[in-house]
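Take a look at the structure set out below.
We just call them A, B, C, D, E and F in the order they show up, numbering each chain from 1.
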Amino acid sequence: MAAKFFLLALLALSFSRARASDPSQLQDFCVADRTSQVFVNGFACKDPKTAVVEDFHFSGLHMAGNASNKQGSAVTAVNVAHIAGLNTLGISLARVDYAQYGQNPPHIHPRASEGLIHFQYNCGTKEAIAIAALSSKNPGVITIANAVFASKPSISDDIVAKAFQVDKKIVEHIQAQF
Amino acid sequence: MAAKFFLLALLALSFSRARASDPSQLQDFCVADRTSQVFVNGFACKDPKTAVVEDFHFSGLHMAGNASNKQGSAVTAVNVAHIAGLNTLGISLARVDYAQYGQNPPHIHPRASEGLIHFQYNCGTKEAIAIAALSSKNPGVITIANAVFASKPSISDDIVAKAFQVDKKIVEHIQAQF
Amino acid sequence: MAAKFFLLALLALSFSRARASDPSQLQDFCVADRTSQVFVNGFACKDPKTAVVEDFHFSGLHMAGNASNKQGSAVTAVNVAHIAGLNTLGISLARVDYAQYGQNPPHIHPRASEGLIHFQYNCGTKEAIAIAALSSKNPGVITIANAVFASKPSISDDIVAKAFQVDKKIVEHIQAQF
Amino acid sequence: MAAKFFLLALLALSFSRARASDPSQLQDFCVADRTSQVFVNGFACKDPKTAVVEDFHFSGLHMAGNASNKQGSAVTAVNVAHIAGLNTLGISLARVDYAQYGQNPPHIHPRASEGLIHFQYNCGTKEAIAIAALSSKNPGVITIANAVFASKPSISDDIVAKAFQVDKKIVEHIQAQF
Amino acid sequence: MAAKFFLLALLALSFSRARASDPSQLQDFCVADRTSQVFVNGFACKDPKTAVVEDFHFSGLHMAGNASNKQGSAVTAVNVAHIAGLNTLGISLARVDYAQYGQNPPHIHPRASEGLIHFQYNCGTKEAIAIAALSSKNPGVITIANAVFASKPSISDDIVAKAFQVDKKIVEHIQAQF
Amino acid sequence: MAAKFFLLALLALSFSRARASDPSQLQDFCVADRTSQVFVNGFACKDPKTAVVEDFHFSGLHMAGNASNKQGSAVTAVNVAHIAGLNTLGISLARVDYAQYGQNPPHIHPRASEGLIHFQYNCGTKEAIAIAALSSKNPGVITIANAVFASKPSISDDIVAKAFQVDKKIVEHIQAQF
């Protein structure tokens, strides 16, 4: 029941994510060749004569991610990194598992989905699951807290302290959590 | 179990659907005003000051569609016709319910998803469910058999008979099923 | 006279075909290198220093295609497969010859032109010619009847029979024509 | 014979024109409402319920343009201004008639086709015809000589003289021809 | 000297911002009508016959912004909100003034520019100025700290505390600064 | 003072330039590998592991171009040819220096910016500087006078003379200036 309610809530949320779009496809399929030594915008393709069924298939969305962590959530992404045949198709999926009161913390998707910074929170007393769609084969994700407080190389304490208008000690305290 | 297997199979299938992309969004949101007397490419928007929570929400994907029909399948679409806030966001979802041995017959999506004509078939002995993502707020669907044999206005028997290289009586027989 | 009328009719038809668009060009020209061992979305280009006049030229649209076939039509396509210099330019042409009462049977173009499934029929008593433009260097074509009844690998009789709501014998009869 | 040769030459030329692309179509059709008091990027559409056959048809490409002018050429354009149903479809056509030794003088298409400034010249001893395709419903055309020497408001003689590095008298002489 | 160095540094930074792109322009110009009661993706246009010189002009980039604030920076944006004629042109500019040790705090641009969250910091001992270009007429800006700690409606303390893995008191302390 | 006024004027001018857009970026960065033997639409990328700070940096916009030439202007372009990291980002910059009464003669940008043929003229009595933004990593520039009168291979005198409706001697005179 909680899961059902949550799924619906998430679908609404997922809409606010989609904005940018990958360039159009120029042939029937272009399976990403992730071992290629040629790098292009996106991925070079395998010789189409070598495409196999496995290039278009992923098994795993039926398995729960492990949400026993600080945020109480786990994302199982299914994008071009997981299905080479998604290359040039401009779409991907994700499964998010939420523990009781778990959250997928504030984040953005730099290539497929923006609008505002968004998050999901499981306000129910049961575990929940969401299926989200993103309008890129490789949407990316930038979790705000990690990007600001745990980037590598790190952002200077001075800059973060001024940005958040707090004492450097608080910045260092937050950084220590990551 | 069958449902799980099928979900995975469908996900693979859904990838072959996505190709074209809606134009980019030019503001934070643009809720479709479906009562507007102004028609544009897509939809005119409501005055943003009048946007409400309901513009971004849909409840119903948790409910099974009625697959007790000739094809043994039912599609519950969730696009800009159902969620006005999807306007300009370039993405939509669909739930497909399949009866035992049911199929979502050969079709194409003229605005969001192509590649080859595609279909899904529930080869399992249990009901199955799929969640599919499409890269348009308004992907459209053209079911091949209906478009050829049940279009309005209808395509002349002569033309269909020649296209399928069969006797006109067979064409008329098929047309009578729709 | 019939030819003239038909040309005009075809031009109107061709409009309903165009929808998707290739990604923009990023340099003055990018001649497709069809012998490249590097595969990308579209085609890799020749070293621009090796481009020659022949890369931008096609001779043959003045020659009638042989429409003495079951459909009574012949398509002469001129796309990136025929003119390497069309690569990245997002446009192609086709000449269609129609015998008396010939037709270009119901089809779609997966990359450059959709809308609805479309066909052309020469209702006149003379041969006719059409010049059509498509908004992709590589629009592709899916002839409905062939895709459903003559695909390789073939679609199961059971599935096609249910999709068209006819007996499997009729499906097998149609398949035998191809 | 000259006409045939010329057609082929023109097709090659027309390829160098196509680059940019209109935004994708978001519904089956969106017939331009050219009397609308609402102005948008492109055109507002008619209420789709009021679309008629004439919105998708143009008769006239079979008629020769009058090439008895200084340039020896005449362009018959068929774009959204002539066929309202072309709106949102991203393609248009043009017929060009050339007198003996006529030319379609150096020009560019600001919305659908560029690359380099291009022209066509009928080097044959007979009249010639070309059919060109452009990748926009409203490609526009800027004839170089007119834009520089006959723009309204006009460009100062001083500026044109310096741009072309000639005496102002020559600029004034050229301007007088237009 | 510091200003010069900084300008160059900023130019490099500005590159990491650009990614998405507005839909193409479909006419020579489409001046935004910001008083229109018709809302579309982007802006409706003025009747082109009423366009005036002022629609294409902005005066003010030569004036320093007031950087005497907590962040030590001031952004003067020049986008479609300031120049109506920028509508449909897909580009905008900004001037950023930095006090000594001032910063433009971590932020993203949801419509025109992403990649990673970015910021600029004036490490010099003099005031500095940057001119940045963004690939949208209406790029938007989301300042991370404000979006997380000062959004309206506000994000629950519980959620923010978990996202940043700190005590709620620290969250409340930070919120109090905004 | 003149410089300030001119900067503002140029900003207005630069807006009229932007129209087309590069395809979207498909990863965080894709540094152009200009020594690659693989040619694609745009540029192949370096192995991302080999990216260095210098790939994202350009020093030189603080230096005046030498405007002591016939046109009295100098363009310092900063595009993907100068900053490899601009690849796939769809934006570039240029600095233009103008001598007293100098001009950047009539030109177009085939990939990033059009509308009408445009130019800038320094009507002031002092040197002036402009910073312009263009919506492509590789916008290109076609200076009208050079393209018509100094192209290689050259356009026949006959054709240019007819296009500009002047005597061939005038054409030859103009050609001699370049």
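Methods note: a residue touches a chain if its C-beta (ideal position, glycine included) is under 8 Å from a C-beta of that chain, and two chains touch if they have at least 3 such contacts.
Worth saying up front: this structure is predicted, and the values here are computed from it rather than measured.
Chemist: Note down the smallest number of touching-chain steps it takes to go from chain B to chain F.
Modeler: The distance in steps between these two chains is 2.
Chemist: Quick one: which chains contact chain C and chain D both?
Modeler: B, F
Chemist: If you line up contacts by residue number, which pair in C-D, B-E or A-E shares over half of them with B-D? Let me know.
Modeler: The same interface as B-D is formed by B-E.
Chemist: Check the residue numbers that chain B and chain E use where they touch, and answer same if over half are used by both copies, otherwise different.
Modeler: Chain B and chain E contact each other through largely non-matching residue numbers.
Chemist: Taking each chain's centre as the mean of its Cα atoms, which chain lies farthest from chain D?
Modeler: The chain farthest from chain D, judged by C-alpha centres, is A.
Chemist: Quick one: chain C and chain F, Cα centre-to-centre, how many Å?
Modeler: Each chain reduced to its C-alpha mean, chain C and chain F end up 38 Å apart.
Chemist: Report, in whole Å, the distance between the mean C-alpha point of chain E and the mean C-alpha point of chain F.
Modeler: 26
Chemist: Please tell me the distance, in whole Å, between the geometric centres of chain A and chain D computed from their C-alpha atoms.
Modeler: Distance between chain centres, rounded to whole Å: 46 Å.
Chemist: Which chain C residues sit where two or more other chains touch them?
Modeler: 19-25, 28, 38, 40, 42, 110-111, 115-116, in rising order.
Chemist: Throw together a list of every chain pair that touches.
Modeler: After working through each pair, the chains in contact turn out to be A-B, A-C, A-E, A-F, B-C, B-D, B-E, C-D, C-F, D-E, D-F, E-F.
Chemist: State the interface residues of chain E toward chain D in the complex, per the touch definition above.
Modeler: Residues 23-28, 30, 33, 36, 38, 40, 42, 44-48, 87-88.
Chemist: With touch defined as at the start, can you tell me which chain D residues reach chain E in the complex?
Modeler: My answer: residues 20-23, 37-43, 110-111, 136-138, 140.
Chemist: Residues of chain C touching chain B in their complex?
Modeler: 19-20, 70-72, 103, 105-106, 108, 110-111, 114-117, 119, 121, 142, 144-145, 147-149, 155-156, 159-160, 162-166, 170, 173-174, 177-178
Chemist: With touch defined as at the start, can you tell me which chain B residues reach chain A in the complex?
Modeler: It comes out as residues 4, 7-9, 11-12, 14-16, 18-22, 24-25, 28-29, 56-62, 78, 83, 85-86, 89-91, 93, 115-116, 131, 133-135.
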